[in-house]
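Residue numbering begins at 1 within each chain, and the chains themselves are lettered A, B, C and D in the order written.
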Amino acid sequence: MKQPIKNIAVLTSGGDAPGMNAAIRAVVRACAYYNVKCTGIYRGYQGMIENDMVEMGPRTVKNIVNRGGTILKSARSTDFRTPEGRKQAYENLLANEVDALVVIGGDGSFKGGLALTKEFNFPIIGIPGTIDNDIAGTSHTIGFDSALNTVVDAIDKIRDTANSHNRLFFVEVMGRDAGHIALNAGIGAGAEEILIPEENIGFEKLIDSLERSRNSGKSSSIVVVTEGDSIGKTVFELGEQVKNTMPNYDVRVSVLGHLQRGGSPSCFDRVLASRFGVKAVESLLAGEHSMMVGLLNDKVVLSPIEKAVKSAGNGVDEELIRISDIVSI
Amino acid sequence: MKQPIKNIAVLTSGGDAPGMNAAIRAVVRACAYYNVKCTGIYRGYQGMIENDMVEMGPRTVKNIVNRGGTILKSARSTDFRTPEGRKQAYENLLANEVDALVVIGGDGSFKGGLALTKEFNFPIIGIPGTIDNDIAGTSHTIGFDSALNTVVDAIDKIRDTANSHNRLFFVEVMGRDAGHIALNAGIGAGAEEILIPEENIGFEKLIDSLERSRNSGKSSSIVVVTEGDSIGKTVFELGEQVKNTMPNYDVRVSVLGHLQRGGSPSCFDRVLASRFGVKAVESLLAGEHSMMVGLLNDKVVLSPIEKAVKSAGNGVDEELIRISDIVSI
Amino acid sequence: MKQPIKNIAVLTSGGDAPGMNAAIRAVVRACAYYNVKCTGIYRGYQGMIENDMVEMGPRTVKNIVNRGGTILKSARSTDFRTPEGRKQAYENLLANEVDALVVIGGDGSFKGGLALTKEFNFPIIGIPGTIDNDIAGTSHTIGFDSALNTVVDAIDKIRDTANSHNRLFFVEVMGRDAGHIALNAGIGAGAEEILIPEENIGFEKLIDSLERSRNSGKSSSIVVVTEGDSIGKTVFELGEQVKNTMPNYDVRVSVLGHLQRGGSPSCFDRVLASRFGVKAVESLLAGEHSMMVGLLNDKVVLSPIEKAVKSAGNGVDEELIRISDIVSI
Amino acid sequence: MKQPIKNIAVLTSGGDAPGMNAAIRAVVRACAYYNVKCTGIYRGYQGMIENDMVEMGPRTVKNIVNRGGTILKSARSTDFRTPEGRKQAYENLLANEVDALVVIGGDGSFKGGLALTKEFNFPIIGIPGTIDNDIAGTSHTIGFDSALNTVVDAIDKIRDTANSHNRLFFVEVMGRDAGHIALNAGIGAGAEEILIPEENIGFEKLIDSLERSRNSGKSSSIVVVTEGDSIGKTVFELGEQVKNTMPNYDVRVSVLGHLQRGGSPSCFDRVLASRFGVKAVESLLAGEHSMMVGLLNDKVVLSPIEKAVKSAGNGVDEELIRISDIVSI
């Protein structure tokens, strides 16, 4: 691949996550620190195809470390799935004299980057950015910690009203196929029961658990449910069925929705994003490619990006399921 | 009615609202200040029937001024709708030597209190507590200001992701039949369009407005919708129909739900609740009854509670509709 | 004065306050709505002298309604206090074809605007923006409500640690010569005692009050103090003296400082700023000048700006002092 | 030591930290889960000496997972430093049939626990709870993550006003002798320079750095300073000296103070505290003692409590100093 690298591009792709701006800022400033040019690409791969790029200097990214969303915007690109689209994208990179690319996003975004490497020998490094924390090769993705704080803050508010009325609330949180948000935020918010895709406890066990809760003197209860289906039902079906099974319960359902993706990032995510952004630039300058930056055992490390793309996430921590059972007694 | 008043009871009823605890605290401490006993009734009129009461002193209410929900809890009572239920309730008040009652809640809660006055000549004073701000006789109900902050904070987060993806979001907020929350939070959150029950703009005007927004260069849009039906549809139907009408829009729907009722009250609501609680006690001690405490022209005043019960809320400020049109240009 | 008005300038001056950006946005968008040009002036009167101006359209102010600070920045200008400076400023306004000016700031900022009117017959309208709420002619200045929420949030945090250690905290808040912030935030945060410039209770009464608090069973106490001197001492001297007088107290001092000026504005301030901005533009277009927009009895009204400049603020509400005494029992 | 363990006591000691309540809750509920009694001791070792203890069941700790401070309160105890005090404390433990103790606090608190083990063969386990993160044997102490979020939130607010006025702010944060808070919050808040006790950069290098910042086009700057002295001066002396050296700077100083210790804990701290609390109980039941629970490489592990007591904290991550230099360019 081309060496030396004199111009690094950066884009965000897929669902946005708090901290993406802090990662963009770190990439841009690390480029400035190492005296290489930095090119921002708007709207992910779609912007690459449409040649929607801009040169970025250290002052371009001032006052964004604390902003949610992504100043480079994100988009899904169907054009990029075609060979013609990718060819056009590659030619635009050349036309802008871009030598390497940092992709901030999830596994789908990394796949797009890998295609550029395979087809055009173009070097990329991935930075895991998604609130779902479902990427192999890192214990934490950018945005996960912020989303957890947003979710517990929302459930704290719901609990105020749940307590005031002795109610049972089903609260649906994000996570795609991964229970990380539900499990961590469920423990953090003091949920009585947590339903995650990784562990189908079944409807009967749920009812048992809720009855035990009530009998133990709890006057209100929160059940955190991962989006999609947890025990084979939508959260509304689940609420309805519990209402029918336990008619003296005052059951409510709340779907937290997209507010989980936004907001000012937590300090943890800002620092993580800063470390990841610097590492991505330094890795490219050191000749690395096709790798993902990640946090393992509190250290920033590289791992093959293929692993993140092919593996089914990083699994929930079984210990947390056990902890959840104990502290919700 | 009985004079002098030596024991004042307080209850919360109906939907809970941030600041109710601050109001309870003010009632309890005003009683202590004027050397009368104070009796807390749990779970509203249902607790009155079940004799679920406790004596409250100034230290009972410490550290609650900043708590959402209500430490006295709230409940709907079907028993209280029967003459037998009300008779039992009244007898429990007598048995606890309670001489007067402060009711914190909405119009439904006030109706219950008035029944006690009419049937048993028992003095009550109402304090308007509901996030919906739909009570005649006060410019602000307790909880309204806090709910507005919660809603704009949520929409700020949604806007992060809307901006990152150039999306159109329909965000449903609470308000029952009143557009106060939608109108104020919509202006506060910079919504492009606000749908309120008081003004059915119709589907065509909505589409016109959205197209004008897009043509004016806006890359993302937020439409705030009051719960229930605004232009004759649920928010999900509305989103679907807009998607069909404007297929190149990326439309999403978010229902904020019960988190709007919770959370630590704003300073405004804490101060308002403190003023209302003191005024309620002082009014009862001065021989007043069947009145509601309210804020009019920035002054705490009394008005007949019948007015709050019979009138259809206090109407939205037409000026705000106009302001909303101008600042969303 | 010149008619018709085709170009309205806007500036922010003096201490910044949350909601100033929402006011700028409303001015800019109202100009667009009424088809007049809008010119932003950077760094207040200093930028006017240095001709630091830019044309602003409705998209220039997108996504700022929720931002603290002021995108037009603020500065103190010594040059503007000289006749030469003001002449230069006026000539720059003419050179930019500006016909009228909206000044967002406090009484000092209004004085500067009035000078332009007196010396050059140039029309201005003022919008009161300061966290201190010390402007005659309006019940609320932009930023006051946001600062109150910031202060109660900070004191809520301090109370956590005060309660855990049974401590007495003196917390200094902003307000210049006015006790509005201290009084409202003190009630909102459940302070045991509130020291404001308008009412010097004296050291003995403070000690009496603290001893009564302790004797009544309170394990921790918060005293809110307005910056400057409240009872003739700095907050540090006060803390020291109380420590010497009541040696078994664990006394701490916290000065909240500049964080009170920042942060995302409350919904109240965003709506207020939107109303004020629209009204300012509409008033200028209607031929008004030398007036200040204000909120009186919940209505947006005009009053002579001279009044705001000459009067010593708007006085604290005596009722609140009384309420504070009662609810802190 | 005594086996089997049938009654575990828990106390909090030293400075309070967000998440201590979540840890108490986890200890209490883990005891309930394993069918052993749980005894809460108020006000740390002082309460142990004064026999201020209470039996705690799972419902005793409801709705505290999200509360700052500690419901068991904390206190310094001079009595416990005497052999008589410790003997009295031990006898009270026996009188309450307590078999083992969980100490939540910092190194000073652990020392007290170790004294009980050494003198009376009484088993204890420590849980590291302090915002300073200065305990060897764990990568994160309870409260550290929450404090970081509180600090970046405060600095975000200060930056609003710094930007509006092109100012240079010195912001002092907590940390005792450790720069963890300053370093992480400084990176998170986008500080231009971070002064920590572990690295005395000297006054000249600070001035160089600030001049480089200004020359690179930054209009405002934040310098984060650890409490105590960083380069041999208080933060006020430092501000004064910079003002004298760079007279055209508008320099301000803000000391964040005790608000850093309070507030609702972050999700991270709630989960961490839950894991630590369960592990502490399980370790005691498994016969462990004189150990501290900690997080190393994302796993909850035990390490000898002596290590935490004797070692000088866990050192700042050198990588972060480097990252800070790069992203603040």
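Some observations on this one:
Going forward, contacts are C-beta pairs under 8 Å (C-beta built on N, C-alpha and C of every residue); 3 or more make two chains touch, one makes a residue touch a chain.
Small disclaimer: the values here were computed from a predicted structure and weren't measured.
Counting hops only between chains that touch, chain B reaches chain D in a minimum of 2. Once the centre of each chain is set as its mean CA position, chain A and chain D turn out to be 28 Å apart. With each centre defined as the average position of its C-alpha atoms, the distance from chain C to chain D rounds to 35 Å. Note on chain placement: the centre of chain A and the centre of chain C lie 39 Å apart, centres being C-alpha means. The residues of chain A that reach two or more other chains are 156, 159, 163, listed in rising order. Chain-to-chain contact here is organised cyclically: the chains close a single ring, every chain touching exactly two others. Every pair of chains meeting the contact definition is listed here: A-B, A-D, B-C, C-D.
Contacts from chain A toward chain D in the complex involve residues 25-26, 29-30, 32-33, 58-59, 62-63, 65-66, 139, 145, 148-149, 151-153, 156, 159, 163, 184-185, 187-190, 216-218, 264, 266-268, 270-271, 274-275, 277-278, 297-298, 300, 319-320, 323, 325-329. Across the complex, chain B meets chain A through its residues 12, 15-16, 18, 67-70, 73-75, 150, 154, 156-166, 169, 252, 254-263.
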